[in-house]
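Lettered A, B, C, D, E, F, G and H in written order, each chain numbered from 1.
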Amino acid sequence: MPQIVINPERCKGCELCVQACPQKILGMARDINSKGYFYARMQEQKRCIGCRLCCITCPDVAIEMHVHGTLYHYFAY
Amino acid sequence: MPQIVINPERCKGCELCVQACPQKILGMARDINSKGYFYARMQEQKRCIGCRLCCITCPDVAIEMHVHGTLYHYFAY
Amino acid sequence: MQNDVIMAGFGGQGILLIGKMLAYAGMHQGKEVSWLPSYGPEMRGGTCNCTVVISDRPVGSPVIQSPRAVLAMNLPSLEKFEPMLRPGGLLLVNSSLINREPSRNDVRVLKVPANDVANELKNPKGANMVALGAYIGATDAVALEELESLIRDTFASKPKVIEANLVALKRGYDLGAEMKEGKP
Amino acid sequence: MQNDVIMAGFGGQGILLIGKMLAYAGMHQGKEVSWLPSYGPEMRGGTCNCTVVISDRPVGSPVIQSPRAVLAMNLPSLEKFEPMLRPGGLLLVNSSLINREPSRNDVRVLKVPANDVANELKNPKGANMVALGAYIGATDAVALEELESLIRDTFASKPKVIEANLVALKRGYDLGAEMKEGKP
Amino acid sequence: MAKKLMKGSEAIGEAAIQAGCRLFFGYPITPQNEIPEYMSHRLPQVGGTFVQAESEVAASNMLYGAAGSGERVFTSSSSPGISLMQEAISYLAGSELPCVVVNIMRAGPGLGGILPSQSDYFQATKGGGHGDYRLLVLAPWSVQEAADLVQDAFDLADYYRNPVLVLGDGLIGQMMEPVEFRTGRVPCKPLPPKDWAATGCKGGRATNIINSLFLDPQVLEHHNQKLQAKYAAMVRDEVRCVEYGTEADYDVLVVAYGTVARVCSTAIEDLGAEGVKAAMVRPVTLFPFPYEQVRRAAQKAKAVLVVELSTGQMVEDVQLALLGTRPVHFFGRQGGMLATPEEVAEQIRAIAAGRSGEVAHG
Amino acid sequence: MAKKLMKGSEAIGEAAIQAGCRLFFGYPITPQNEIPEYMSHRLPQVGGTFVQAESEVAASNMLYGAAGSGERVFTSSSSPGISLMQEAISYLAGSELPCVVVNIMRAGPGLGGILPSQSDYFQATKGGGHGDYRLLVLAPWSVQEAADLVQDAFDLADYYRNPVLVLGDGLIGQMMEPVEFRTGRVPCKPLPPKDWAATGCKGGRATNIINSLFLDPQVLEHHNQKLQAKYAAMVRDEVRCVEYGTEADYDVLVVAYGTVARVCSTAIEDLGAEGVKAAMVRPVTLFPFPYEQVRRAAQKAKAVLVVELSTGQMVEDVQLALLGTRPVHFFGRQGGMLATPEEVAEQIRAIAAGRSGEVAHG
Amino acid sequence: MAETVFRRPEALADVTTHYCPGCTHGVIHRLVGEVIDELGLRERTVGIAPVGCSVLAYNYFATDFHEASHGRAPAVATGVKRARPDLIVFSYQGDGDLASIGMAEIIHCANRGEKVTVVFVNNAIYGMTGGQMAPTTMPGQVATTCPLGRDVNLAGWPIRVAELVSTLKTPAYVARASVHSPLHAVAAKEMLRTAFRYQKENVCFSLVEILSTCPTNWGIPPAESTAWLEKNMLPYYPLGTFKTPGGEDRAPGPLGRGRRGSGHAE
Amino acid sequence: MAETVFRRPEALADVTTHYCPGCTHGVIHRLVGEVIDELGLRERTVGIAPVGCSVLAYNYFATDFHEASHGRAPAVATGVKRARPDLIVFSYQGDGDLASIGMAEIIHCANRGEKVTVVFVNNAIYGMTGGQMAPTTMPGQVATTCPLGRDVNLAGWPIRVAELVSTLKTPAYVARASVHSPLHAVAAKEMLRTAFRYQKENVCFSLVEILSTCPTNWGIPPAESTAWLEKNMLPYYPLGTFKTPGGEDRAPGPLGRGRRGSGHAE
């Protein structure tokens, strides 16, 4: 099972990950981080397919992905 | 009838015209000009066919060509 | 007589604009003025500020070390400029975004909930006008009328905006004036 | 004691070479020396010259305004440098290429038909050696032996050239020596 | 025209246009990007031409071509970019081409920073390029003065057939002040016809050649002496400086130029209250430098204080002016840090009270 | 090694190799083409690398990369090419990179000519680039001294982490004199380890960064002060000059550097016969300038004569040294014309006889 | 027990960058960092930062770095590589830096065949200085120094760096990628890996041009910037490999004589 | 009564040049002069001299002239043309001047589409400074800074300027000619005429690269230099027209997708 971890302090709220996610399970928080940005958050972890597109698209390396058990990748990266 | 006029003072003796002349009627003088160069001279004006290759090839514009009567050029220039 | 103020806030809060308007108004009133923006590192984002001087005599240094007034539209600005304010000076705080108390007690503090007032007036972008109004209300640095006509020229094409901004400016002015008249 | 000479001629006459040889010889004899070429406009052709100074004390100016000797291998050189020669100095003229008389009468003139001598010796390129020999013959600026051994080293690979040049040098030397001994 | 509130950079651009300049070649660099940006939208409106060059090297050589064509032209940059122009500037001076170069100085060395500085004084006044040449250097202290000097710069350049450098700092470039452009302004110098320009040898006139190469050393020496005579004329006729409070008597004379001089004037006024007496000479032309004026004004003072946003460059010219007749003190800030009135006042106090050591060489 | 007769340019190249330099980046320009040419055949023989750069701008930035890698490296050029290096030189100084730059000066301004000149003194000593920085400047007067100073230059550069400029003229570059390269030469300075070099952060050492950008003005000011402290140390410890005849008494003190100083020495000797008494101070380091030595030597003289192949640049430093205590006279030739012993002697005579006017400012 | 399958590469310092929200400079940084890690080069890599928005790259990569003067990174890289051929040297440059002021340096660095890697970020604008026209700015695109949009009759057409460099005869690897979508980023990484591998194996000079966004100076929100890039830049800047070290000569021949193939005079 | 059918063009001053015997700089000067005369442009032409052996071109042409700093003639030409679009502006540059130090200026001048004409003399060497390696020096050719001959592994392959410039998208006329034989000179003149005509008609930027000899620094007598050029330079520097203003885009496309034709995204 994939798990997405977003670091709110590193997020600049560009929303590229929200756009990139094929499952549309990422969204923006209502409150701002210390830098004044509305940051991204995971809304439905269980629907995440672990494609890593959000991680790859994030310009600020604010997203990490962990896997519990095994997971087959659709593409090598 | 073509007539070739070589200015000995302008000639630097590079011999490019001698090489260019299809009639091989140009040669180098035995004596030097004031700059110390052995200069080119016409040896057999009457065999000149007026092709202008010597004029065109001379880097120092030392060669002029005059025509008495009419003359047909092999190529436009 | 000289009035000088450092205005500071987030990038999008329209700080530089109200600074320029203040300088313009001063100029129109025949005063000597200067407007100096912070131009930070060659890169985007972050906070910004500007220094405005309005004086009867030619402006000496356009850089003011200990200003007579500080207008802080957000917390970072308060933290950066409060210490520089000269004793007895005016500290204008945008209480909508700043919830901590100023730490200086040797200055006059004027709290203006600029964003709340602006939202109230259905003119959320007008918080800077509220703050500007409050500043002149409390200092008479320039005449209210001067700024009003300036707003009319500036937004000539957008009558709606003019109205909204005039109202915001006036509301701020009254808040500032109250303090001047020593009201709570 | 100081010897200095300006050597000048056409590009191809090997002037710079004999200048260097003279300087080398001086150095090997433990003297202070300098060799300075003319480096004209950034382009090819034309005449060239060099100034050689051989002295017992460190060489002051490597640029000599009024040299103790002038070695002129062609007419332009004579015309350019004759006037600079200091009174009583040595004017060495390559009479093979220069048919006009020197105009100075306050200097010692040594005419050497360098090219004729060289051709005679079947060593047409050796005119510069003849001239060099004549110069030291007339001045003893350096010892003949010094130059001879230098020639041996320089052309070590080409024994023929060595021989030819040694002969040319010696012939020149004798012509120079004659004058020194005041012969016609 | 009525007064307008303008950024220094824009005022500089508008001044050039008012002076009849219709050509700008430049490359972006902070803190003067507003100059090319202003020219890029303004020039087309007046039938002029703006070209963003590929580099400062290219810009300065485009300047050469346009100036050699007899047109009024200018470029602007900031410290690192000006360093890249040094070869071309030497060529412009050597070929005697009239043009205007604006340097809005930032802090160095190297990439340094982008905040105000005055550390290019030596480069500007002694010649950062090779060879013996001089630029006429003008240093404004306000937006209005920047506008006025830029217009004069074009006249001076044409009159002397010499590049003129306007030396400002980040403050001048960035701050807004009221500016007025006088209508019907007359040139500050008579403008000789540009019959030397390379514009095509029509009607069989002899060819005009824009050139700085003289292979014959005698000719090149003569050319150098001609240039020196021109610079001597500048020294004789073009020195500009402003004195503040020198009619009264004072203990300390401050010498400063550009925006930092404003800081000094504030300091001097504030000190008046305390009874500390100081006056100021502000050079407006850095070359030619007002040696005579500084020398004269220093007579009344016990000591002289030079204030610069550098580690001390103009201070050498002040010492050359005084030649030991008065102690010379120096106060400088670097790296974009600005001297404040308070700091300068403290320096003056210290000197007046004899609490400060003077500058020495070697 | 035994004495060899070498061209100055070749001696400079060989000296660099003797000093352990294995990298040369440069671009051809008269009168120093023999330096790159010599390096191009010599370096491969000793396992070094020669790169003909596409320009002086590129060469000076290649220098930056190689110096930042901790290797000994040098480049050479002549006046116009050195002007093109000004931005990079400011970067090299700002990033504190040890390297050697040779300028074989030719006459300017602009393309000028190719004959000897000393008209880049200001550029070399005051800073032709932007910002407050200094180069250590060494000026040889003979081929042997050129060879010696080039070797010292590498040591000084490494010791101070600063670019060192060797300032010669066309004569130094072109003339041949005997040279000796001492075997087993010891560095003229202790050589600190180059642990700051960017050579890959092996074994988890913190990353090394070669940089001159400091966006925080406080940090940049601090960096500037650090640099100034370094320059102050050079002023304290590195001044070099040679005095001639200053032990005897004399009426005129001559100050000259480089090959023209040899002309002056000849003139002084010739005058001895006439009973005209003169001595000379020859600065070997132009920065730091021997202010103190010039001041001391001038005490014994009635007047001072400065001789340069320029319109007068070093003369300002001499005036700063004397601060009016002695009259300063100047004699210069330009454009590639060389001062002759006769001319200089006549100048000295005139001064000794009080027949000559001194230099003034403003 | 959880395994981390995506994390910050070791070659990237664990700091927040100054880049604007959504600026893909950050993506390119990460891709380069990942490649350096995967090839195991971090401890012998030296980067060259340009003058541009990425001027602070020396703070963002966990490798030794030089900060070069504007446009000269290829010359600095040459200096480093010639001094220390054992090091892996890469420059990271913007389009103003590389294609405007630095044109001579990049052409000659490539032509000498310096064994370095150039990461060329083409965002069609000058970012750091606030949005002036770049040599790569698109026709009609508005910039602060072309307020009416780039006029090709006055400023010429955008320069295509990959095409230009690929026509030099000296062997090299030249390619163009984009990072406006995650899958394009994956392809970009592949090209970067190839480029660094060629250097690691001491084969040739390599340059990867990467199309990137500048939401701030384009004046377009990040999420829309990617679409703008795709629509406006991709057609003019085709993606792909333009030159490989062993491959054919890419220079055009004289007209009428067809294109010069690898058969041409060696 | 005799008619003179060949004489010095009016646009060439009646002086002896400093060029070495047999140096074809002189031929190129004459061809340019003849074209200027034939198009009737002399009185409105301004030439830009480079730094190189042709630095004194300002003395040899009977037109107004600028002497530019080394490599910057295209920038100077830009300044002149933008200041006075009514003038005919041409630069005359050597290969060190144009292809080495001046690479950025020529690429950008061409890319902006400045309506000037560049006469580029490629003699594969630095003449004026005494025979150092040029960017155009042939592989194995000896020069004073590559005493063992140009090693393409260290110095790269010779730069082909006509090819390089022709790949820019901005419309231009780009061609390469030679003057090593009279008939080649005739063809060269034809190209020069075309180039100047395009400028006269205000159509586009034009560049004509002309292969030329340097007997002095090649160390080959003039009469043999022409043969050396033919044998060594012609195969590597093919003659012909590389780009015409109306013609197709000459830039290579990504590999595998064939060559980019004029059909490509405009």
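What we mean here is this: a residue touches a chain if its C-beta (ideal position, glycine included) is under 8 Å from a C-beta of that chain, and two chains touch if they have at least 3 such contacts.
Keep in mind that this is a model prediction, so the values were computed, not measured.
Placing every chain at the mean of its C-alpha atoms, the farthest one from chain A is found to be D. Ranking E-H and D-F by contacting C-beta pairs places E-H first.
Chain geometry summary: the mean Cα position of chain G and that of chain H are 31 Å apart. Separation between the centroids of chain A and chain C, computed from CA atoms only, is 40 Å. Between the CA-based centres of chain A and chain G the separation comes to 27 Å, rounded to the whole angstrom. Centres computed as Cα averages put chain B at a distance of 55 Å from chain F.
Contact of a single residue of chain F with at least two other chains is seen at positions 30, 51, 54-55, 57, 80, 87, 91, 95, 110-111, 114-115, 211-213, 215. For chain C, the set of residues that touch two or more other chains comprises 41-42.
Annotation for chain A: no residues touch 2 or more other chains. Per the touch definition, chain F reaches chain D in the complex via residues 3, 5, 30-31, 114-115, 170-171, 174-178, 259, 262-263, 265-266, 269, 338, 340-342. In the complex of the two chains, the chain H residues touching chain B come out as 1-8, 12, 16-17, 19-27, 30, 181-183, 185-186, 189, 215, 222-223, 226. Chain G meets chain F in the complex at residues 42-46, 48, 55-56, 58, 61-69, 72, 75-84, 87, 104-105, 108, 112. Chain contact summary for the complex, chain G toward chain H: residues 100-104, 107-108, 111-113, 135, 152-160, 163-164, 166-170, 176, 235-236, 238-244, 247, 250-257, 259-260, 265.
In the complex of the two chains, the chain E residues touching chain F come out as 57, 79-80, 82-84, 86-87, 90-95, 105, 107-115, 117, 119-120, 122-123, 126-133, 211-225, 227-228, 235, 239, 288-292, 295, 310-311, 313, 316, 319-321, 323-325, 333-337, 361-362.
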